[in-house]
Amino acid sequence: MTSLAQRTQHAWPDGARCVIGLTLDFDGTSLERGRDQLPFGARSHGRYSAKCGIPRFVDMFTRQEVPWTFYVSGYDAEESPDLVRSIARSGIEIGSHGYLHEGVDPGDAEPELLERTHKLLSDITGTAPKGWRSPSGHKTARTLHKLRELGYVYDSSDKDFDLPYLLRYGGQEHDNYLCLPNNTSSLDDFPFYRVSYTPPSEVLTHWMQEFDAIYAEGGYFNLTVHPRVGR
Amino acid sequence: MTSLAQRTQHAWPDGARCVIGLTLDFDGTSLERGRDQLPFGARSHGRYSAKCGIPRFVDMFTRQEVPWTFYVSGYDAEESPDLVRSIARSGIEIGSHGYLHEGVDPGDAEPELLERTHKLLSDITGTAPKGWRSPSGHKTARTLHKLRELGYVYDSSDKDFDLPYLLRYGGQEHDNYLCLPNNTSSLDDFPFYRVSYTPPSEVLTHWMQEFDAIYAEGGYFNLTVHPRVGR
Amino acid sequence: MTSLAQRTQHAWPDGARCVIGLTLDFDGTSLERGRDQLPFGARSHGRYSAKCGIPRFVDMFTRQEVPWTFYVSGYDAEESPDLVRSIARSGIEIGSHGYLHEGVDPGDAEPELLERTHKLLSDITGTAPKGWRSPSGHKTARTLHKLRELGYVYDSSDKDFDLPYLLRYGGQEHDNYLCLPNNTSSLDDFPFYRVSYTPPSEVLTHWMQEFDAIYAEGGYFNLTVHPRVGR
Amino acid sequence: MTSLAQRTQHAWPDGARCVIGLTLDFDGTSLERGRDQLPFGARSHGRYSAKCGIPRFVDMFTRQEVPWTFYVSGYDAEESPDLVRSIARSGIEIGSHGYLHEGVDPGDAEPELLERTHKLLSDITGTAPKGWRSPSGHKTARTLHKLRELGYVYDSSDKDFDLPYLLRYGGQEHDNYLCLPNNTSSLDDFPFYRVSYTPPSEVLTHWMQEFDAIYAEGGYFNLTVHPRVGR
C-alpha cells in the first residue's frame, strides 16, 4: 500500500509519523442567542459549557500537558470573560468561532462580527487569536479576506482532506495561510452524542480505530469535541 | 484530577459521595390530546403508560423501596385518578408536568394551566406537589413566578449542570428554590428508544458508565424514564 | 415481583405462560402508488417484497410450521394474485392492510376501500380475512364500524398494552372483537433497518431480550416484519 | 431451505455460487454544485473524494486486482479529468452518474445531460461507458430510452431484487439490458456513516453477515461506497 504521505509527497517535520490536533468548540449560549432563543429549560445546554463542561476539560487537559485549541465565540467570551481568561492562562490556545455562533452566512455584517470577536478575545486573553473555525461551516472569499487582514494564519473549517494544506486562493498558493481540515463525521463528538446516541465507550473504540488508520497513512488526526453535548 | 465537587466547592450532606434522582414522566394521552390527536392506533402509545408502563414501575420500585418522583400532567391525572392516587399512596412523590403536556410556551394561558394541574394533583393525592418539570422544556420568568406563588420549591427542567443549584433569578440567589437539572442526552430513555433504537442492554451499559463518571466526580445522577416509550 | 398477568388478573388458556404472534406486512408497491410515486429506482423497495422478501418468508416459515399472519393491501393483492394465493395455500393467515396502504385517514372513502380490499382478498384466497392492521396506524370509530360489518373479529394496530384485550367501544366491552397490540418501537424491524441501521445480529439479540422480559411477565410477544425493508 | 437460486430457477455461469459487485460513487463537488451550494467549509465533503478518498481506493483496489466500477458524474469528470483518466487506466470500470448528480428528475433536460456526461467520460477515458447509476435514484422511461440510444447495457439503480435481471420494458424482456440492483439499506456506506454513525468495524461485521446470508442463498452481493462520506 502506498500511504497518503507517499501519494501526496507529504512529509511531517522532524520525522513525525502522524500529527494530532485536539480541538474543542466552546459553544455556550451564543448558539441559542444567535437564534433568538432563551437559553433556559430545554434550551439550556449551552450553559453547561461554562458551568461544567469547559472547567472539566481545562482541568483534565492542562493536567495532561497536551496542547489543545478551544474555539470561542465573541458572545461567549463576553458572557464568561473570567473563564476564557483562565483557559488562555492555562496554556490552551484560543481560536475565534464567530460572534453569535452564526449558523448561516452573515452577509455584509460578517467583517464587523469577525473584528468584534477578534477584539474581544484579544482584550480578554491579552493575545490576538491566530486561528478561526467557522461556527457552522460557512466560509467565503469575504471571510478569508477579513481573516487575513486581522492577521489569522489558519482556519479549521473544511472537511476535504486528511492533511493540512496551504490555501490556494485566487489561483495561488499562499504560504502564510493554512487549512487544518476537521472531520465532522467520525472525529467529532456531536453526531455520536446527539444523532446516533452512541455510548462513550464505543465512541472511544471508534476514535482509536480511526487513529490507527490515520497513523498507518501518516495523516492528520484532528479531533473536535463540544462540552455542551451530552456529558 | 480535581473533581466537580472540588471545582465548585460543593459538598453533599452527611458525607455522601454522589446523589441519585430517579424520575419518571407519566406522559399518558395528554401528549396526543394536547396536539389535537386521537390516542388510537399509531397514536396509542400514551395509553400504554396507564395500562402497562406505570403499574409495572409502581410494582418494581415500591418493592425496591427506592425513592422515585413521577411527573404527572393534569389531564392524565383527570383520566386516571385511581392510578395517580395509588402512585402517591405507594410512597412515590408526585410532581406536576403541565396540563396537556404543553409542548410550546402556552403564553398567557400558562398560570391558569399551572394552577388547574396543581389543584387536580392536590385533590387526587391529598398532598400539594412541591416539584415541577416542564413538559417539553419551556420555562420563562412567568412560569417561575406562578410556580413559587403556588408553593413549589424546585423544578427539574434545565440541562445545564451536573449538580443541583439554587436559582439565581432577577440577579439574586433564592435559597428557597432549587433547580434539579436533568440530562436528556444520555440519562433519558427517550432518545435511546425512539431515536437511536438502542437495545435495552446497551442502554444499561451506557447508564452504568455515566454513573461511574458522575460518581467519580461527586456529581448528581438524575435519570428520566418514560413508560410510554417502547417497553 | 408481581407479573403483568397478576396485576391484570389475566390468564392464558391451557396454562400457557406467554403467547407469541408472528406478523408480516406485505407492503409492496401499494405504498408508493398510494403516494403517487413510481416504484422504480430509489422507490423500488416495494417490488422487493413480491420478488424476493415474501417468497423467502413463505419458504422459511411454512418449512418451520410456525403460524404466521401476513397483512396484505388490496392493491398488492391485485398486482400479485398468484403470490397471495400461494401464501394462503401454504397455511399462512392473510389479514387486510388497506387498499393503497393509506398513510392518512382516508375520510369518507374508507368504507369503500375496506370493502374493496376485503372482497379482493376473499376472492383471491377463497377465505374472508378475519383480521385487519391499519397501514400506518390511523383507526377511528368509522373504521371499526365497517370492519365489524364485514365480519372482522380483531385488529392489530394499537401500541397500548402487552396483552390482547377485548375492545371497549361506546362504553361497552364487545366480546366478539379483539385488539392484538403490536409494538412498533422494539418488536418491529422497520426502525432497526431504516432508522437506526442496526445489524441483524444485534436486532436478534434485542428481540431475544424482549422475549425474555415478556415471558417473565406472562405477556404477549407480537413481532412485526417488513420484507421490503433491508434484507 | 430452498435457496433464492432454486426459487427463481437462476444459475450463475461456470458453477459460481454467488457474484459480488463492488461499486463506488465518486460524488465530488457535483453534488453541492447541483444544489447551487459552494463546496467550502461545511460543504467541502465533496472535495474529499478527489483529494483523498478516490486516490486511496484506486491505490487499494488496483493493488488487490479485484474488479470495481466507479460511477462518475460529468461535472466531476470535467473538474478532475486527470484523476478520472487515471482511474480508467488502472483498470477500474467507469460508469456514468448524472451530470450534476441530479437529485430530482431533470425533466426534459435529462437527455442532453445524459449525452453530455456520456461524451465527457468517453473523451476523457477513451472508452464509452456501458453502465449507469441514477445519482439519487430517479429513473423513468425517458431515462431508459436515452441510455439505450447511447449504447448502455445496464444500470444499477433499483433496490428490488437480490439477483441481476433482464429489464422487462413495455411488456417485453430485453435481453440486451440488465438491471444490477443495489441495496442502499444494508450494503451502502452512506446510511452507516451519515445517518447511524456506526463505527467502521461494526459496518464490516454487518457486511460480512450480509455476505454470508447472500452466499447461502446464491444471490448477488452488490456493495456501494462513497469516498466523500466519513473516511
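Letters are used for the chains, namely A, B, C and D, taken in the order the chains are written, and counting of residues starts over at 1 for each.
Rule of thumb we're sticking to: a residue touches a chain if its C-beta (ideal position, glycine included) is under 8 Å from a C-beta of that chain, and two chains touch if they have at least 3 such contacts.
Bear in mind the structure is a predicted one, so any value in this text is a computation, not a measurement.
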item: Proportion of interface numbers common to chain B and chain C (over half same, under half different); value: different
item: Furthest chain, CA centroid comparison against chain C; value: A
item: Chain B and chain C, separation of their C-alpha mean positions in angstrom; value: 35
item: Centre-to-centre distance between chain C and chain A (centres being mean Cα positions), rounded to whole Å; value: 49
item: Multi-partner residues of chain D (each touching 2 or more other chains); value: 196, 198
item: Footprint of chain D on chain A - complex, ascending; value: 1-2, 4, 7, 134, 136-140, 157-162, 181, 183-186, 191-192, 195-196, 198, 202, 205-206, 209-210, 213, 217
item: Of all residues in chain B, those that touch chain C in their complex; value: 38, 40-48, 51-52, 55-56, 59-60, 63, 193-194, 196-201, 229-231
